[in-house]
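Structures incoming, each one as structure tokens.
Both complexes shown next keep chain A, but they swap its partner, so chain B is in the first and chain C is in the second.
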Partner chain A sequence: MSKQKTQLAERSPSETAADLAAAESTEHDAVTPAEPAQRTSPVRDVLLTLLSRGYLFIVALIVLAVGSQLSPFFLTSRNLVSVLITASVVSVLAVGQFFVIVTGGIDLSVGSVAALSSVVGALAMANGIPFVLASLLAIAMGAFIGLLNGLFIVFGGITPFIVTLAMMSAAQGLAYIVEGSRLVPVDNSSFLSAFTGKLGPIPAPVLIAAITMLVAAVVMAFRRFGRRLYALGGNPEAARLSGLPVKRDTAAAYAISGALAGLAGLMIAAQLTEGSAIVGSGYELNAIAAVVVGGASLFGGTGNPILAVLGGLIIATILNIMDILGIAAQSQLIVKGIVILLAVLFTSGALSRRLPQWFSALGRLASRGRTSSAAS
Partner chain B sequence: MTAVLDTPTVVPRLAVTGVSKAYPGTQALSGVDLEVLPGEIHGIAGQNGAGKSTLVRILSGIEQPDGGTVQIDGTPVQLSTPQSAHREQIFTVHQELSLVPHLTVAENIYVDDLPGTRLGSVDWRTVRRNAKKALQELGFDIDVRKPVAQLPIAHRQAVEIVKAVGRDARIILLDEPTATLPRHDVVHLYAVLRRLQSRGISIIYISHHFDEMYEICDRISVFRDGRKVGLHPAEQSSHSAIIHAMLGSVSEQTSARLAVGAGDLPRLGTGEPSEEIALAVEGLTDGAVLEGVDLTLHRGEVLGVSGLTGNGQTELAACLFGARPSKSTRFVVNGRPRRPRNPTDAVRLGLGLLPEERKTQGLVLDMPVTKNVTMSSLGRFTRYGFLSGKQEARTAQRMRESLKIKTSSVRQPVVSLSGGNQQKVALAKWLVSGAETLIFVEPTRGVDVGAKLEIYGLIQDFVRQGGSALVITSEIDEALMCDRVAVLRRGRVHGTVERAELEQLGESAILQLFA
Partner chain C sequence: MNRKRCTPAALTLGVVLSTTLLSACGSSGDASGSSDQPLIGFSVRYVAGNSWLSTLANGAVDAGKSMGYDVETADAQGNAQAQIQQMQTFINRGAAAIIIEPVGDQSVTAGIQAAKRAGVPVIVVNDQVTPELQTQVACNVHDDGQATAAQVGATTAAAAAARFGSTATINLYIQAIQPQELVTEQRENGFMDGWNKYFAEHPGPSTNRIPNNYGKALPDATLTAMRNVISGNPDINVIFNQTDVVYPAIEEALKGADLMAANGKSDVLIAGFDGGKDVVAAMADNPDFPVVADGLNQPATQAKYAVEEAIAALTKKPTGKCEGSPATRILPAVVVTPDTASQYVSDLAFAGAE
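Right after this comes the complex of A and B.
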């Protein structure tokens, strides 16, 4: 006890943290032998998170292997690219959904907001507004609707499920009204090439989804906002009593989800070359499925945007294989349901603790093998 | 002692042999043996993290041991679920009681064993009569038609015990049964336990309080660091032996001081507060419980806030920290005349709150130690807009060393730490944030003796370096350690006791203001 007193006594409390920060940059890593400093790198933390869900990658590989056995067409680059393009819209929505789910919430309105965005974007361009402005308008509108969701949840004290359920209905209705009685065709060529063209070998929608995912992953891992979302999802009361702006952050998460729904709506509009009030329905559930298959808990505080996208890709690939095999859409729905149940059984259900344990045990075995071979 | 121990002819009611349990990062139990005789009240003592709760969880079928055996009356048993523990007639009264709040007393007692009528409906009259009778046999007069949520804690506990007895319990585990009980209810509880004992029921009694154990237990098993380190007769004479066994490496002096008890309490403050104001309120009301609190905490001072539970302590802490809406005629924080609008604002003003419910209010349990420690000062760890995990880890590491936070790594989730160490993580968070004034609410509740002393030491250090502390506590001993003590009564400060009076009159100076 005397040692700890002298250590603390060197610093006054108001200086403690500042001193710490200053001392850190000059001093050698003051860590115990049990924990070498290089083991605490943040990149390693992220890798560890991904590895603890390593089975998802293995599941993805198994799906690919099974697909290649079932059909020679499956592993062609053309088919795989088409899977990626198909999955890109859900991926963008899944990333948005992830921001909400990590707070312990849910956003059922994203499908309707995407539809509304497709209509608004298409109408704006039909009225001669340049495509960049039209796109920004649609995305901003999505963000605004998301923000409304967030404000009702935070200040209205209504559960996310109800608020976004109501918004799902309202946004859909609004989309019908804005659309009028006809579909709104999109013929703006720069818009189409921006959202359906290619950048080198990479299709634009895939690029958009990939960038969205990576930016989100960086925000969640390295930005204060991301950390605060994990904290408030993990324990909202502790986050509040630690002085974190819980209300603002929660509202922001819904705004992000809405903005990404707006982006997804533009992608849909480009793929279909029209804006329509009916295009988005069902997407919200696909996005939620992707996030939970990716291992995030609906109670909040866990998960990762990259894994959410991976979850969506696994679902999309399985559906693609069934398409190739000519399995009817009705049966595909059943398989999708089973996949979701199995995935959640292993990610946040009764078997959730087992799987990461097995994998970390495997990892330990592997690293032990490596160190012993290095030693010999 | 020998009379009880050297009777090989008695088959132990419960024989635990070589039980081990590991969690990621900690060996919670290693090779523990425990023997409880029929009709014995067996105490289990140990610091937080000694393995008491793990043992309770194993014996109630919530967790599976990694190895070892459990025998009841000589027969090996598998306690794979709470149901199977019940089948073996082991019942646990947990610290947080596990009753259904909206069901009535009678319904709770018979919820899994409702008698039917010939028509197939529930025979409520029999249920109520039996429940009433069972409660009366243990000396409780409780309206069995009342929802459990409306009962005081002591009666809820009684319902749990009756539930166990009604199902022919052979063994009852009581986990910190008196933690929230007023004294006269404790006396009643002892009477109940003795009655159960005379029926041959074995009782395992887990508590932080030795006095209780000497009063009620036959023998005491002492746990430390996941091992059983001693078995003692429950007598005052073995007091220092037990403390030694519990603390292990702590010096002779410390355990001697502990043994002396209230006579020689450490003092939290320096006794030299400045005239500057750290925290002051006048006429603080919250429209519900607080009815005009006046309070002044000077810089460098430790102000205790005492009082019977429910006189506004919790609400006061929340209002001072901006976590609960309030009104006041004056509010000064660290010299600035401002009322914090919300906790974010309070943190900005240099306040920190260590709430009563660490697990639900103070920490994000599934997050690692590091991220909990840096939670309130993320800006300090941000470079060019990005968090520096390396710096966070270094700071956490430094805090781990200076506060002696016991964990295998700062990357361990806080949930794997013991209560005392969790409290240190909560304190580390505010030290890193540079808070000048800290509000402690029941800082050592649910914390064992050794960690208690450490936490007192940390409060001393904090104040010695110019910090100020408001210590809201229901433990008189803790209040006696403060520079001054304000006693809350019915939402007001009923009186303030100066240091001189505290030293002269001791606890009576505080207690006379309680009622």
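Right after this comes the complex of A and C.
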């Protein structure tokens, strides 16, 4: 049963949706169908997906090798930990963004929701609420905003871009109002320890990002909900006609994105020891870039949260190398843009499909040239 | 109920709720309308989210109130077109004068010219407009960022020479705000002028400049920039942080790299700017605090000067303090050191003060 479902992402969207619906129906009927011999294990599916994006690992290795050659400070444990901590916030946001992008949607509100969460969490603690409750409050607030996004999209019939763009503005305005005239300092030592301390040698932000990524990967690969999101993103109409709970799953995806934005806001508040309405600016685009560089299609139905985090890490590492080398900010922006474009070219398959065509065209041109020169 | 009938009802409900919410929230600048006092409009580049400019805006409202004028602020949210529109609205509402904290040096031309045509005097405060536009307004009020930064640079250089010795190579880094921007460049140039002048007069240490990185005055962006710079330059000695708004990010990055203790003590010297309340208070209270100099640009005082000049222009009674061509009133450069910080903690309206 579960094996049957884990294979679905590798098939066409309509097949996927239909099979999922059939699988669910079968499950409800408590009938176990015969497993076809060729069906593979979920673990193998995940490994195959990761391997199919092997170029990302190769790119990561190249980046590490280049960085180590360019600066003796790059491949030090201190710097690598610094990169991981820096990338941790965007990684959490990228995982949330992945849940939305895999459905074919987009969430532009995550940066503002993170800012609002940092302010709400900081204010709650400043008013004596224990840090665990304050954190839960901030995350729940993020989830609620995400849920609102989802409800507007599925019941209002408004495109995700517009809904989340509007929510980005509204959440930012709300953050300013809640914050008041000055930043909200955070001095709760338990909170700071939980979000910036260490568990053994591992910094807390890195651990939080890693756990978030792994939980998301398990959900997407092994849980029915995750498989339905792939089906929904691959072909929403087929998913709907197959009886999958498309509206509920879409709203849930946005709620998860909002909740993770809330978590990211708490991580920012802890790192800066303040809640602030001005943080998180541009994080939504960084998270989207991470997901796209990680191989997900903005049209939905593909990708993997682990690769989304890897995509974010590659971008963060390249920016780190340029900062270490003292490359001007203007040039860094150009490099970042080129990295994203190249990644999308590879991801979409456009480059890999066309490169052989271009080479063969070049070959034909060369042979024509030789023929004409021989004739003359 | 079908969706077509439901949508207008939902929209109406949304508008009503939004209006109710906004009117409940209110703002310091919403006092006009019912007031009999003459109106002075104040369009600010940003109010929401910028503690320094909020202090400037609130300072103008308070100064106006104490002088018998109604100062109404408008937040241009960094948008030049919005600022021009706000200026036009103030003119239409019969404002006696307009103060602007300009979004851009050239982009507010249309607004200034519209005010000129309507006979409404304009005061430019804090940031500057182009030399051509400066001649078209009643007064330009600002601090001398370059001169203040030069004092910060000289004071920091003296502290660095004392700390690192006369034969040291000092690794100096400027945590800058924005590339190719006037304030950033003024502060950088001023700081380096003061720094170089000090070492020209007191030769000995050599300086190694670590290339600038930019944090856009955003704490999270600054934290990332600082972390990366420190990774590549673990032997960093001196940091000039161009705005105290992001000081917590500087501190966090240094602590993360084990270059600062939990109590703030560090071998790295830090210089600051903007006179952040927390920074100046820590300079006064904590002998281990690493900030050795901080440039004050006194937003509330700038606001008071701007309102005074606006009233002088509309009553045609000059203060005698806005002089020259273009007419300019400059705040004196003030630098705080750990020795003098205590006298500024209670006297100044700092960025972020309520």
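Criterion: the second predicted complex is superposed on the first by the 311 of 376 C-alpha atoms of A that agree within 3 Å, B and C clash if a C-alpha of one lies under 4 Å from a C-alpha of the other, contacts with A are read in each partner's own complex, and residues count from 1 in each chain.
As a convention for this text, contacts are C-beta pairs under 8 Å (C-beta built on N, C-alpha and C of every residue); 3 or more make two chains touch, one makes a residue touch a chain.
All figures in this text were calculated on a predicted structure; none of them were measured in a lab.
In the superposition on chain A, A:Phe222 contacts chain B only, with no contact to chain C. Of the two partner chains placed around the shared chain by superposition, chain B is the only one that A:Pro245 touches, whereas chain C remains out of contact. When the two complexes are overlaid on their common chain A, residue A:Glu237 makes contact with chain B while staying clear of chain C. Contact with chain C, but none with chain B, is seen for A:Ser281 once the two complexes are overlaid on the shared chain. Once chain A of one complex is fitted onto chain A of the other, the partner contacts of A:Gly301 are limited to chain B, with no touch recorded for chain C. In the overlay built on the shared chain, the residue A:Phe73 is in contact with chain C alone; chain B does not reach it. Contacts from chain C toward chain A in the complex involve residues 3, 25, 48-51, 54, 58, 179-180, 210-211, 213-214, 218-221, 223-225, 227-234, 248-249, 252, 256-257, 352-354.
Touching chain A in their complex are the following residues of chain B: 321, 323, 343-344, 346-348, 350, 353, 355, 360-367, 370-371, 375-380, 382, 385-391, 393-395, 397-398, 401-404, 408-411, 429, 431-436, 453-454, 457-458, 460-462, 464-467. For chain A in complex with chain B, the residues that touch the partner chain are 1, 4-5, 7-9, 11-18, 20-21, 24, 29-32, 34-35, 37, 40-42, 45, 222-224, 227-228, 230-231, 234-235, 237-245, 301-302.
By the touch rule above, chain A contacts chain C in their complex via residues 71, 73-74, 76, 78-79, 82-83, 85-86, 89, 157, 173, 176-177, 179, 181-183, 268, 271-274, 276-281, 319-320, 323-330.
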